[in-house]
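Paired with chain B in one complex and with chain C in the other, chain A is shared by the two complexes that follow.
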Partner chain A sequence: MRFSRYPLITGGPWLLLLLTFFVLPIAGLLLLSLSPGNGSAAAFPTLDNYRGILDLASGRPQVLARTLGVALGVVLLATLIALPVAYYLAKGVRSTRLQALVLMLVTVTFLVGPLIRTVSWRGILGVKGLINTALTSSGLLDAPIMALLYGRPAVIAAMTYNSFPFMLFTLFLAMRTIDDRYLVAARDLGASANATFWRIVMPLAAPGLCVGAVLVFVPTLSTVLEPEMLGGTSGRLTTTEIRDQFFHALNWPLGSALTVLLIVAGGLAVGLLAALLALFARACGRVGLSLGSGGGR
Partner chain B sequence: MTDASDRLTHDLFNGARSRRDMLKLLGIAGAAGLLGGPLLSGRAQAAAKHFTWGTNADYARPEFLAPFLKASGIEVQTSLFADPSEIITKLQSGGAGVELLTDGSYHAQITYDAGVLKPIDTSKLKNWSKLIPGFDKAAGMIYDGKTYGVPYAWGTDSMVYNHGIVGQDVDDLAILFDKEFAGRIAMPNGLFESVVVAALYLGIKTPFAMDKDQLDAVAEVLIKQKPLVRSYWNDIGDLKNLMATGEVAVCWGWQPLLEIRKYDVDVRWTHPKQGELAWYDAAFLTRDANAESEAACLAFIDYLLGEQYGAMIGKDIGYRTTSTAAIATMDGKLVDSLDLAKPDAFLKNAVWWTSPTNPAGYQAVWDKVLNA
Partner chain C sequence: MKRPRHPFLLLCTLAMLIYALVPILTVIAFSFNPLPFYAFPITGFTGKWYAALVADPRIGASLLASLGIATLVALLATLLGTLFAFFVVRAQARFKRLWVAFGFLPLVVPVLVLAAGLQVAFVELGLPLGYPTVIIGHTLYTSPFVALMVMAQLLRYDERLDDAARDLGASQRQMLRHVTLPILWPSIRSGLLLAFLLSFNEWAIAFFTGRGFNTLPMLIYSMARNGLPPSVLAYSALAVACVLLVAGMILPFALKLIRGRA
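Moving on to the complex of A and B:
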């Protein structure tokens, strides 16, 4: 059997890039996480940082669980908001120009940058924000609702707002590529609009849903802006602690260990999310789902 | 240095000097300063044409830096932070490009231990003699017999409240832990400041050298306080926003917060009976500075100690200068309003804020509170 050098030549630069910018930093992070942290008398290598993080009394496992929970909640909300919009846009709007215009309008708001988009929520949810002003000036409430801002609901709202276009675009593209004849055939065979959506559209759009979920989940898991700007005292997530350990406490080993654990936990969560979505699609259409071959077509 | 200046150093950081002593020293130092030469030395001509100053936004307002650029031709580029640790992390990893750093009494030891500083040859500073005596030997500036930092501003951090919302005068830290103000309280996130404030509230006499039991007590009181707190603020702009919009009624804050009075927000500074935190900020040379940028940095430090800068930060952001030359140029009303003529009275209840003896222990407490 003749050995071909072609794959090595074409893939070599990419492998080198991967090694330089992914494998080596991760290896460095792992080694650093095994170094003694601030105030520790242990010698390298030590698992002290991991023990400290996994100690329930430190509150960090709970914060990690909260971080994953918030990210999953954002995926769920983004899906609920994006799904009807994407479906209507893909199958209800016939004009390609109108579709492009709507998607462009969504995109335009994202030209202002995440900081402005996040801070603007203060103007909406604050004591003197739009919602509270409307409620108090109309006489519906005597005093503003303090809980709107500086809490987890505000964080989740802003994170959803900041990430839902990823879900919208992927779902829209997935739904747009579904052949309209499938939908017509389903209706001809007596399926209701509901049944057509759940048993035809959803299973076929499942790969888009899965990609959108990952695109929403991963950045949400690693953001510090929303919890810091809007989270108040309940805004502590693992990402904000990683930032604090690196930039405030100067405890790089502990920050590295937290990062490694977040990568592992996030990876597991992504796998779980993909499996759940596959099950969901299967349950919807009973047609099976093959993410690798175009979604059960 | 002489015994007299040693005594003053001790007095300065123990709040033990009298008004007469202070005025006498200001006068002597001012006279010395007048003989100290022009604002900028010829050295600036050999200096780099720009350097980067890691500092907070208030110190680096364009109007504060413009006179220096005009006089020296040296441009001060800035790398702004809310907590000096942010810059230290970058300096440690290399390539931060920050040659001059603002840090203070509260953090200098940690920065020195991080190994990112270079000593400063104070004999090259024309305005060194214009420092209020005592600041030249302030704790946290000198390591292994070498001077690393030049103090240029000082003041206190204390409790600030919105009189319009609170409705009464306040001088008790208990209000920061009072259920009556649940959801209307803000505490600082950085520099272990909330940990130290809780220690003051608990009456702990050594808030920067707490043992494990004291740290546990502080953690407990802060965790109990947490449901009452609206937000742990990260920088002074954040806090100004919280107070100006009425989100928060009472907080532990910094002097520039009083600027929001111009928006008709009736915020008031307190001198709590349990104490407040006195600090000074200093300019430190970092290891990123080369010979040329070091010369530019020294020229700028001279400017910080000169007549203009100290007067401007006093007038615009309410910070007190360490420069006797600047005080001499200030309006009498401003000098009075900043208590620069009688700092001993102003500092009556203040404790000088130093780096904690056990930073890891303090960080562990604060992590515990944030994670609770």
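Moving on to the complex of A and C:
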């Protein structure tokens, strides 16, 4: 028996750490969310916080729906950006150096961290930012567009910017593991380039798409920086509410309840997303989305 | 093989590169601009924002805090993540699939939840918030990434190499020291660097569970709330330079991984 096979030595430390500092805190959140909030006279196990949150009049369900909607939109955008690039890099480019170079450039900008990445968008979308400067100096616009910054489009642009590398990497790795001979066989049997992509590549890359979608969705769901720095007043999300409850209103039970709600809603959304993507992949493989070209069946 | 080289795909790739690079490049450009705004026009070339950055006493203290935390986190996460990679690939255990799924749970739980949870748990238990909470939080956040990196190489590792070492009389320790770990080293080192960078740049966990000190992201965040002084630009540019340096160290391994020869 080799040491590396002992489950207690290899898996033990990490799993133990998770049990104490990951499961316990989340259980703590759950307990605290059942405690009476500030100014409430209720006894310990109470659902008051949840009633307050789920009350439509408080506006919080709408904010939660917006949070989930924004995150799903970001997943969609990240997929649209990453899908053609991953395909091109994995199957179109022969040179691994070129592949590594492109991925490395993305990695470098990614590892600079969400804070700087978010701040950098001010220089792009601001009144004297890159877009407005380019548009006005080229004469396309007389006056800069003020509304680019401090609104939901800016928040979504930055959120996508901060998370799409996850989608790019997982899709790239998934597509790279597809055997080139499948593509050759498809082409030999008369499939068009489009048919090959939708009926061979997409179904085989579906697991990567699923993992990428989750890896984009989850961090996007927990962002505070983008709505705060670029969102102005219109960009309130559940995450900024959680931060405010913990640091400004100091109503920890309510903050905990909001956090629990975010986990539950996020978990449900992840499950739904995975199911939808699996369905999509099967549809691609079976029905054959040949998108107009003569591939078809 | 006829490769998919449609111009549309090339166009998408170029557009993605522009999207990825331009915001960071503009920050670097602004950091040398005499105007103290995150805006055009670029009117000249100056190093005064860098001077202001260095002169700010808060930066030095935050840098030390961030470096200390990130170093410890990188070491802890590398140890735990590498061990867990061995568990995933080699160990035989009851309910192993369940344990593996549990081990990667931090990847699918929002960081904010972890941050708020740690804060609540420590305060409820009467334990002080500070360096330990941030280090624990960051270790939880970064270890799965290390595990994934090491797993990528371990999955391709030919176990007969270990058997050969044992047959030739190596002890467990000698086998690890001279065969297994040297072969896995590129992925372990990459995981270490990745954990360091992730921890160094992490904001939410540090903000929720750090008390009595500022990590660099915490400091930049509090500066940003008061209108983003231009020294933030200088800091950003320096951070890009550092990341570029570290990324260059990961590059050889990434190249091998892509080529499938790791």
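Criterion: the second predicted complex is superposed on the first by the 270 of 297 C-alpha atoms of A that agree within 3 Å, B and C clash if a C-alpha of one lies under 4 Å from a C-alpha of the other, contacts with A are read in each partner's own complex, and residues count from 1 in each chain.
By definition in this document, a residue touches a chain if its C-beta (ideal position, glycine included) is under 8 Å from a C-beta of that chain, and two chains touch if they have at least 3 such contacts.
Since we're looking at a predicted model, the values are computed, not measured.
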Touched partner set for A:L149, first chain B, second chain C, both or neither: first
Touching partner for A:G232 - first (chain B), second (chain C), both, neither: first
Contacts of A:D180 with chain B and chain C, given as first, second, both or neither: second
First (chain B), second (chain C), both or neither touched by A:N251: first
Chain B versus chain C as contact partner of A:V63, first or second or both or neither: first
Chain touching more of chain A, residue-wise (chain B, chain C): C
Partner chain in contact with A:L215 - chain B first, chain C second, else both or neither: second
Partner chain(s) touched by A:K128 [first = chain B, second = chain C, both, neither]: both
Touching partner for A:Y88 - first (chain B), second (chain C), both, neither: second
Those residues of chain A which chain B touches in one complex and chain C touches in the other: 122, 126-128, 246, 252
Complex contacts: residues of chain A adjacent to chain C: 2-7, 9-11, 13-15, 17-18, 21-22, 24-26, 28-29, 31-32, 81-82, 84-85, 87-89, 91-94, 96-97, 99-100, 102-109, 111-117, 119-124, 126-130, 133, 161, 165, 168, 176, 180, 183-184, 187, 193, 196-197, 214-215, 218-219, 221-225, 229, 239, 242-243, 246, 252, 255-256, 259, 262-263, 266, 270
Parts of chain C lying in touch with chain A, wherever the complex brings them together: 1-6, 8-10, 12-13, 16-17, 19-24, 26-27, 30, 37-41, 79-81, 83-84, 86-88, 90-93, 96, 99, 102-103, 105-114, 116-121, 124, 136-137, 139-140, 143, 147, 162, 166, 172, 176, 180, 194, 197-198, 200-204, 208, 217, 220-221, 224, 228, 232, 235-236, 239-240, 243-244, 246-247, 250-251, 254-255, 258-260
Contacting residues of chain A [partner chain B, same complex]: 37-39, 58-60, 62-63, 122, 126-128, 146, 149-150, 228, 232-233, 236, 241, 244, 246-252
Sites on chain B touched by chain A in the complex: 83, 85-86, 88-89, 92, 110, 114, 183, 190, 226-227, 229-232, 234, 241, 245-247, 358-361, 363-364, 367-368, 370-372
